[in-house]
Amino acid sequence: MYKIEKEKLTALFQMIAADQELFLPIRNGGQVNFGPWSEAVEVDLETLNSVKSPKDVFFPQSENLYTVKQNDGHMCIEPEELKNQDFVVFGIRPCDVKGVEVLDKVFLVDPLDSYYAARREHATLVSMACNEPEETCFCKAFGIDCVEPGGDVAVWRVGEELYWKPLNEKGEALTDKVKSLLVEAEESCVAEQQAAVRKIVEKLPYADLSLDGWNGEALDAKFNSDIWEKLYTPCLACGTCTFVCPTCQCYDIKDYDTGSSGVQRYRCWDSCMYSDFTMMAHGNNRTNQMQRFRQRFMHKLVYFPANNGGMYSCVGCGRCVAKCPASLNIVKVIKAFQEKGGEL
Amino acid sequence: MQELVNRAGELLADGSVARVLGWKAGDLSYNPEPAYFENAEALEQFVYNGFCGANLSKYMIEASKLEGKTLVFLKPCDTYSFSQLLKEHRVDRDKAWIIGVGCHGKLDIERIREQGIKGIELVQEEEDSLKIQTLYGEKELPYQSVMLERCYVCKGKEHRIYDELIGESKETDTGERFAGVAEVEAMSPEEKFAFFQRELSKCIRCNACRNVCPACSCRKCVFDSNKFDSAQKVNVDSFEEKMFHIIRAFHVAGRCTDCGECSRVCPQGIPLHLFNRKFIKDINELYGTFQAGEDLETKGPLTNFTFEDAEPGIVAERG
Amino acid sequence: MSRVQRIGVFVCHCGSNIAATVDVTKVAEMARLEQGVVHAEEYQYMCSEAGQAKIAEAIKEKDLTGIVVCSCSPRMHETTFRNAVERAGINPYMVEIANIREHCSWIHKNKAEGTEKAIILAKAAIAKVNLNAPLKPGESRVTKRALVIGGGIAGIQTALDIAEAGYKVDIVEKTPSIGGRMSQLDKTFPTLDCSACILTPKMVEASAHENIRIFTYSEVEQVSGFVGDFTVDIRKKARSVDMDKCTGCGVCSEKCPAKKNASEFNRGLGNRSAIYTPFAQAIPNVPVIDRENCIKFKTGKCGVCSKVCQAGAVDYEQQDEIITEKYGAIVAATGFDTIKLDDFDEYAYSQSKDVITSLELERVMNAAGPTAGHLERLSDGKAPRNIVFIQCVGSRDCTNRGKPYCSKICCMYTAKHAMLIRDKYPDVKVTVFYIDVRTPGKNFDEFYRRAVEDYGVNYVKGQVGKVAPQPDGSLMVQGVDMLDNKQIRMEADMVVLATAIEPEAGVRKIATMLTASIDNNNFLTEAHPKLRPVESPTAGVFLSGVCQGPKDIPETVAQAGAAAVKAIGLLAKNKLLTNPCTATTDELLCNGCSACENVCPYGAITYEDREVNDHGIREVRRIAAVNNALCQGCGACTVTCPSGAMDLQGFSNRQIIAEVDAICR
Amino acid sequence: MSIEAKTEFKPKIVAFCCNWCSYAGADLAGSSRLGYPADVKIIRVPCSCRVNPMFILRAFEKGADGVIICGCHPGDCHYSTGNYYARRRMTLLFSMLDYLGIEQGRTRVEWVSAAEGVKFSTTMNEFVEKVTSLGENIRLGDLRCRS
């Protein structure tokens, strides 16, 4: 365990960014999102959740896959270059680290997503413990301890210090890079704060949220429940929940004709809330919003765990709770089934 | 509020309406959701408070297709949206039982958070103030300091269309409606460009602004259809942010009642009303004051003209 | 349209018109590389027999589905090529023209530049054709009746010719009688025969013709519909006299106490009573009451006319009447007036009664005119000894007070006036100030020379700067003689101004109703200045007489006949093919919001409740329906429709965007 | 328009012309041999009211540096009212573009009758000069289309 004074953070960032990209929470136009560091940007480590989760560091909202060009009548394909430079993501929250693990389950299994894999391979995650959990947080329900960060390096902000603990080789490597700024410190230095924060977590409104009954076996009962009909009605069919979500991984593939410089085939985030999601030649297999709405939560709480050894594709970051224009969210869904015992 | 519940109960009981469209208490004190209530029991969850900003008029498009009448609670500004939708044949007046509810201005949870308030456990509305219990202690704020932007430039607390009225209103329009637009207009082209670039670069194309908008009532938006091969799911290039927001604003120009829902729901806090309100300001200045949704007769400014209209060159002349 | 096209591109040299500044071979080569193109060739004259044959050949051999012709403006030959491909068996609307002549070769000197642009224009046309769909014109019926607006010699002639061909025709004339300007003229050049003597028989013939209805004291109120099927509202202004009862005895006018009203017919030089017929030979010979000046209408008292009318025809209660009638063709024959002289004070027109316009002189010289035909000064009734004619008053005048064009008739009528005066009053001295004397036309120059040589009219080349009324009532005329380049001051006791003519005031209103375009001088514009001189750009609307441009009587009559023939040609058809480039609704996208209905100038859009199947969702929706017979294809609806449900066939959103993309590559 | 600027930068300009007046005006300019830069490419539309703001933005997106819309003079519209609607739409659109910090000179509406070949050519010359002076359209274009 090491530590560094908060005033030295800029120096730290400069040092990291000297020979590689550094992504971290940046305040721009009143909102905090992850972005590349530069002297010009305003770093914000206080805000609990970035609006967009950091997932788009690995799985960008849009990325070009390859470009098709035409030279006097002949087609030729230019694949997009894969990420081949190391980079660092600083300040990613424990829940979002878990979110990345969820994405790994999707993109790092066969067939491997080379674009995603390349980014993961070159990334070093510096994960930051939470100091002030908010009422929207329910990471505990997914077994996440918001004061025990994962990733490659774990950091805590305590008083005027930032405590730094490498968790693996990647972490060690980064630590060596910035050693000159770090000083040795005791593990115990963070224990007190950890305890305090854990107390707060116990008091959160969603502290006792239970996921009982949400698993692969529950498929039919949940799918056929008519609670959905009641739940979905306020849904505006926008993509806010999916686009701020750290685990939503659906994407669409589209072509863009740039004219002179060829046709770009790119992929971009898609939302199961959209009416043309998985649209096929014959039309759409989900014809109404109830079905789309149900799909999202069934996927996160039933289908995904069924296929991934019980791992949910929700990490309780609370972004959807905070951002849904119609005040819907996954918690309301989970509770609704609890209260009604899944029946009705 | 109890008055609303009682009246709704009566109308449900005597069969005047088949359902009630209102707001249902959320699991946090600031997130009530739009909901239907079919019976008295359900109505126990009915709530009407400072966080009921959601404009229910758009839900009436679907409600108009249901059997029987729907009782809908509309705030003064919501009624503008309803009558505009009525003018465009998107809702069925005969299927609606409109109770106009009083309004003291609605609260903006984002503004509350901007005050550095975290871990909100309970929000209590008192006369002119908010008592907020948080995990990190109790806070108190003047009600007037954390309202939705639209409430500071309220069009007035008069309902434009209703069957009955319940509850008192309080004027909240302390701001100048077009000040924000004028501020941008006063900038140099470079500043304007930088300003909107900064704001729009945040856009994640979640379509919340479009889907919540009562004027964006198209069955299929041009940005979802291939009619123009303009379908877009994401802003790959900064141009596409502009394209989307300019065209959206243009499509609702002369129809937008300035209900402010777009700005309320934007997860990135983009001041989207600055687009619509720019058109409203121009229309007022060039073609005479016009307020969409004010009545059912007046021709919309873009489906109308005079022989003496200003030439497009005026944009340059105004500088 | 999803189906893959097989496109043929044909590049025209147009002799050297295109080939000189555009490398046509290169254009064809580049076109060959474009999507969908399976054939590209170039040829001297694509519009020629041989050129069209090449297209037909290629269609057969290569099984083409779409054609792009790179040539002159589509306004020139689009139809030619559409017909050509139709004969070759593909839909005429699968043709697009790339205008590489007017928009390219003719305006770009640099061949590299011209070629590059021509290639881009070709690519745009190809991109569009890729999205073209076969279109089928609809059919609309033809109402076998024509409307003629204006009852002057132009209108009368047109009506007579149409009626003679066996079709019904209505004349709408805003004044109480037909006859128009010609009825105000005394004699006509170059034959000097009396205007009334040749006009009156035609007026009688028109009024007597079984196929002709005449609405005098009436105006066109509203025009809707389209070629073959116009619907017109005609306002018959209250005449206050029952046309059926009135015998035209004229007693009412004699007895009418309100006598001091300026006579329009005499250009205000004489008076008429409040109940009046404009002139003796008026048709119909039925008086009207000028309600503004009628004592009965002003004070409620009087009523003399109704007392003296044996026939009991006078009817003070009479109201305006709106007649709605359908027409297949409309002929505008709205005629002309002389311009106002307010801005020409130097000629003292407003100061001296003895400064008059030529049209006023016509009345003065006319036996039925204010002076019973005696040439006299209107100020003191004395016979003039010196008369000065001033030409081009307001004509060929590029200051904005006058007209830039030549009024065309002035040179000749002034020669006529001068000659008539010298003939009748040999001791009167006549001087004409002119810029040029223009006498193109049969026997015109001979006529003018007679005026100079046989009648000793004094022509002075030069303009008059000032006409100054003198204390003794005479007029001092100051001008220049440009030939021997000296100032002239001469005394005159009468000055006649050859005042410019301009289209009748109401023409703008009528043009708007007919959606017929008018030029900067308010003359109605013809569809083509050379090839379609009597048709307006609006189908089914034709132009007769001076409303299209200055003309003398024989020209007017000739054009009136031509307009009639065009109208007859239209009326002779039983059905018309309608333009298939009309709006269509995508029922799944339509919101039923009425925006399109609000902007449609033709009332072509209505709404119906239709059951639709929207990807499995069955519901009844309010959906816009376009009446293809009414839709003229302007596209206003397509832009007002936010969802893009409204689209325009032949100019669809995707077609236009494809062109944009092709150009911006 | 400075000669150097002209030679180093050739703007892409799209001109929407209504079929009845302006397109004919352009034809007249052609037959009268009244030149204007080849940068101008004309798209024929039935009426100025057919021009959808999306077409204009699309042109800019794909790399146009200027867009001009030409129609019949108000009052002379072949469809009687089309250009009045176009006038309002374009006024508002241009105002919005200005509001977003897009250079005003890149968009223009001009009423050109079938008889105004001279006006068409002078208008195009002016417009090209203006757009050339503004340089490449960076603010309102999709960078993917720039190579």
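A, B, C and D label the chains in the order they appear, each numbered from 1.
In this text, a contact is a pair of C-beta atoms (placed from the backbone, for glycine too) under 8 Å apart; a residue touches a chain by one contact, two chains touch by 3 or more.
Only a predicted model underlies this, so the values are computations on that prediction, with no experimental measurement involved.
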item	value
Contact-richer chain pair [C-D vs A-C]	C-D
Chain closest to the middle [Cα centroid of all protein chains]	D
Euclidean distance of C-alpha centroids - subunit C vs subunit D, Å	30
Chain centre separation (subunit A, subunit C; CA means) in Å	71
Distance from the mean Cα position of subunit C to that of subunit B, given in whole angstrom	53
Whole-Å gap separating subunit A and subunit B, where each centre is the average of the chain's CA atoms	30
Where subunit B touches two or more other chains at once, by residue number	220, 222, 228, 236, 302-304
Residue numbers of subunit C (touch at least two other chains)	599, 640, 653, 657, 661, 664-665
Multi-chain contact residues (two or more partners), subunit A	256, 259-260
Overall pattern in which the protein chains touch one another (line/ring/star/complete/other)	complete
Contact set on subunit B toward subunit D in their complex	181, 184-185, 187, 189-196, 222, 228, 230, 236-240, 242-243, 246-247, 249-250, 253, 275, 278-279, 282-283, 286-287, 301-307, 309-316
Complex contacts: residues of subunit C adjacent to subunit A	33, 615-617, 661, 664-665
Subunit A to subunit B touching residues, read off their complex	28-31, 33, 48, 51-52, 61-62, 132-136, 200, 203-205, 233-234, 236-240, 242-244, 252, 254, 256, 266, 268-271, 274-276, 321, 323, 325-329, 331-332, 335
Partner subunit C, residues of subunit A touching it in the complex	72-73, 257, 259-260, 283-284, 287-288
Residue numbers on subunit C that touch subunit B, as the complex places them	586, 588-595, 598-599, 607, 614, 619, 622, 640, 642-645, 647, 653-654, 657
